[in-house]
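Multiple structures are listed underneath, in structure tokens.
Look for subunit A in each of the two complexes below; its partner is subunit B in the first and subunit C in the second.
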Partner chain A sequence: MSMAAEERSLRAPWVLTAPALMLFVGVLLIPLAMTVMLSFHDWGQYKGIEPVFILKNWHEIATDPYYAEMFWRTFRIAILTTLLTALLGAPEAYILNRMSGRWKSFFLLVILGPLLISVVARTLGWALLFGGNNGLVNKLLMSLGLIGSPIPFMFTETGVVIALAHVMMPFMVLSVWAALQRLDPQIENAAMSLGAGPATIIRRIIMPQIMPGVLSGAIIVFSLSASAFATPAIIGGRRLKVAATLAYDEFLNTLNWPLGAAVATLLLVALVLIVVGSNALIERRYAEVFR
Partner chain B sequence: MSRNGPLALIFHTVFVIVMVAPILVVCLVAFTPEGYLSLPTNGFSLRWFRTIANYPEFIHAFWVSLGLGALSSLVALLFAVPAALAIARYRFRGRDVLAALFLSPLMIPHVVLGIAFLRFFTSAGLGGSFAALIVAHVIIVFPFALRLTLAAATGMDRTVEMAAVSLGAGGWTLFRRVTLPLILPGVISGWALAFIQSFDDLTMTVFLAAPGTETLPVRMFLYIQDNIDPLVTSVSACVIAITMAALILLDRFYGLDRVLAGKGDTGR
Partner chain C sequence: MAYLELDRVAKQFGTQTVVDDFSLSVGKGEFISFLGPSGCGKTTTLQMIAGFLDPTRGAIRLEGKDLTAIHPAKRGLGIVFQSYALFPHMTAAENVAFGLEMRGVPRNERAERVRAALAMVGLAGYEDRHPRRMSGGQQQRVALARALVIKPSVLLLDEPLSNLDAKLREEMQIELRQIQRTVGTTTILVTHDQNEAMSLSDRIVVMSQGKIEQIGTPQQTYEKPASAFVSQFLGKTNDFAGTIDRTVAPTQLVAGSWRAPAPAGLGGPVTVSVRPERIGFGDTGLGAKIITRIFQGNHWLFQCDSECGPAIVIRQNDGKAQPAEGDAVRLTWRAEDMSVRARADA
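Coming up: the complex of A and B.
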């Protein structure tokens, strides 16, 4: 390679990525840094935002139990949603994988398609199904004799978790599905020929192998649920606040931007720590699967 | 391969019904002839679809969403295609960091992005403007545009390019006549997926939109906050129909499984 060509191939990747890099530094990193800084500013009902460096907002979040309760609710909803999607999504992905070609692609489309349909429309569907004490879900459950009296779904955590699990389910199915594709069907046959029953095969052969898929799906579902906005806002209503809806309120209703920025910063930091931490744990635990 | 037992099929049936039910109920209620929320038990009616015409804010929001989605996805591609080519072809220092940075909008909660952009554009004097929305949407759809272009660029047959170079093609001609046509399916699918992401986004946009620049999801959300009536179901049914149409096109053009595999990695 000539000197000039070598120099060009050294420079080329930077020339090609420079526009995108400048875009990201200019309108992503700088705004994020400004948000973190905003969380240290002061705010008053009449004076507005004051660009000083104080810990007032952070102190308020750390000491006022309202915020502890709200963050705990946010993560409780996210954990329950993740458990629900894992418990239902993993078996469904397994069943899908055992279907024959045409049915498999049809149902895969039916289950994954909603991923691309507006979250507002999907949540609206749940609001219609829940709808007060005589909603369709309650009518169905009561006519099946599963419950004696209507369960309140609207404006409750139960309702938020169910609707959120529906919104997030495709991510879990997709993640487990991807893990199943890497699975060698011969191992299952080998286990069967050695006398293992279906339960043993699922517990000893399938489960260990799809676990990385379930866990990486769980990370996606958890982080998206913990920062979800539309579903908690519509199903949870104005009283059942989670981190995202609280930040929205501080910004657009109370106009206390510094406090809202502190809530958002805390959410971001907590999520990054949880996601990076659990990714590292999973990769160490399942190092042999990823190799 | 062993078949699913009856228990598995019952589970599957219930699962699919639950997945489809909320979407189906929105579409059904949209056709109600009554003046209140109800399933159309006495025949179907288009009355609530006609009512949309009396709400110009929904129509306007639809056009804002359409323009925003089309434009921001296009701009994202202008930045993403060169970046994807660089990441696919060169091993250079900082490559992994750059790739992580370009995919980072997937990991950052949209509520945080919304706040950051609101702060940024307000202090730049662009609060609530269409231009601010475009820039913000370029950032959130960038990872999707990059991913699919990257997949196409990585899987591309380089020998065709080498042949073109040996025949004297270089620079722009090489890109326009050889490279771009070869990665075009990936680029178009990247555009379509980016468009859907932009068209659907509520969480970030709700912070940035002002009256006049409200997108359809924002308009629907603000409407639902006040009251839920059949009007918003008919608007939702239209949105669902448009998404389905885009899905079918995407499936024909590129294969939906590949597109969804790209989306499934969100948050990683």
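Coming up: the complex of A and C.
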């Protein structure tokens, strides 16, 4: 290859990716950098934002237990949601995978269908069913005399976890489903011919092989749940704030942009660390299955 | 008494009959092949023996006991799948040990038997490898060891060699035969490869469209095919249209200008099947013209245009002069080298 041609071929990847790269830098990296910078600025009720470099916001987040509680709650909700989707979604995907052709496509549509509906609409559905005295289910159960007061669902962590799990379920099912597709279709027969019963086959043969799918689904669900806004905002409301709703309030209600930016940055950094860390762990642990 | 017996077994999927009226007696220690093109029902039959499918009709008995009443996990059969179906998250040793573990074999004995099984298939030292880090041939051996280590009453092989390249396949055939002779396990092999069936089995069951075409030793099915399908499927063959001439005494079999005393029990139009390597060039016989002559090292291949249609002739390269392209020749063969069947289409 001549020097010029070599140079051209070295340059080609950059030239070809330039448009996407510029978009990426323009709409993601620059705003992100600005948010990080914003978190170091000062803010006052009357003076507004002052472009100085101080650690006031970070100091506040680090020392005020209010923020610790907030982040702890955010990750507690995300972890519980992840566990719930894994416990329900993995068996769901397995059953789906065993269905015959027509039913399989029908139920796949049922599972994916909710993705076509706005998160807000789906969450409001929960509110309509369980929201206080006027919630459909509450009304029914109370008129039947089964419960004396409405089931505590709105403004509770349990409610947020259940509604979030409902929203996130398709991601888990799809992820496990993808892992199931990689399974040798004869593998269960092979285990059975060697004397394994159904429970043993699931525990010893199927589970270890779909674990990577469950875990990558868990990473998706966890990061989406931890940064979810609509569902915690509707079910949790002002009473049960999480990191995303807190950042939103700081930005739009208190107008303390720098503090909001600090909250958002901390959430991002924590999420990136957790996701990258667990991904590395999973890849090392399941190297043989991934190969 | 038969060791494994299939008695008029049939399998239907909806209205489609995939296997019909399949009866076979397998002796203890025998190596049987189910041979046929894809979709002939051979794998379905194997899966019914394994218990992954239930027969629609008929009975399968092992040592006189009804096998279909036993859950597949309790049948104690060893199965090697076409895809091997190894457990990718377990090492070779763990794969082989799985069946023993399910049987509650104590740890020490288990380790010993796993080591012996892997050594038998030539994989000593590969205990801690994961299947995805092994070659196709090695995976195949692990699958075989896994099936054999449980000392199965019958070993079922579902196209086990079809994913290997030609050279490795040949090696594995020889090895498979040796291992089977050593351990003496009754074995059923499903294959679409006639060479594999012939080189491995004691008897071949040739199947087509869910039915048995012929059961016989490799020589029998090759030399005396029971049907046109068998003769076509097992190697190359020449089918000549002939007739039985009853106007002369003794009655004669006539194909073009080739004549021979007629075999008993047949009359009217017949098909005469002759293998290409059994045809020679003589002074009398079926008139033919050589179209192409191909040299293939140890033999010559002639494509001829005969009185009864196209014919192929294979002659050993014995150093003697051979006819050239365009030569007019006479094709001849011995009566015992042909098989004569009544012709249905006439």
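We adopt the following convention: the second predicted complex is superposed on the first by the 260 of 291 C-alpha atoms of A that agree within 3 Å, B and C clash if a C-alpha of one lies under 4 Å from a C-alpha of the other, contacts with A are read in each partner's own complex, and residues count from 1 in each chain.
Keep this in mind: a contact is a pair of C-beta atoms (placed from the backbone, for glycine too) under 8 Å apart; a residue touches a chain by one contact, two chains touch by 3 or more.
This structure is a prediction, so every number in the text was calculated from the model and none was measured.
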item	value
Subunit A residues touched by each partner, larger count belonging to subunit B or subunit C	B
Partner chain(s) touched by A:A247 [first = subunit B, second = subunit C, both, neither]	first
First (subunit B), second (subunit C), both or neither touched by A:Q186	second
Which superposed partner A:A90 touches (first subunit B, second subunit C, both, neither)	neither
Partner chain(s) touched by A:A78 [first = subunit B, second = subunit C, both, neither]	neither
Which superposed partner A:I205 touches (first subunit B, second subunit C, both, neither)	second
Which superposed partner A:G195 touches (first subunit B, second subunit C, both, neither)	second
Shared subunit A surface residues [contacts with subunit B and with subunit C]	185, 192
Subunit B residues touching subunit A - in the complex, by the definition given at the top	1-4, 8-9, 11-12, 15-16, 18-26, 29, 37, 78-80, 82-83, 85-87, 89-90, 92, 95, 98, 101-102, 104-105, 107-112, 115-120, 123, 135-136, 138-139, 142, 196, 199-200, 202-203, 206-207, 217, 220-221, 224-225, 228, 232-233, 236, 239-240, 243-244, 246-247, 251, 256-257, 260-261, 263-268
Complex interface listing, subunit A residues touching subunit B	9-10, 12-14, 16-17, 19-21, 23-24, 27-28, 30-32, 34-35, 38, 88, 91-92, 95-96, 98-99, 105, 107-129, 131, 136, 163, 166, 169-171, 174-175, 178, 185, 188, 192, 216, 219-220, 223-224, 226-230, 233-234, 243-244, 247-248, 251-252, 257, 260-261, 264-265, 267-268, 271-272, 275, 279
Subunit C-facing residues of subunit A, complex	184-187, 189-197, 200, 204-205, 208-209, 286, 288-289, 291
Residues of subunit C defined as touching subunit A within the complex	50, 52, 72-79, 81-89, 98-99, 102-103, 130, 132-133, 146-147, 150
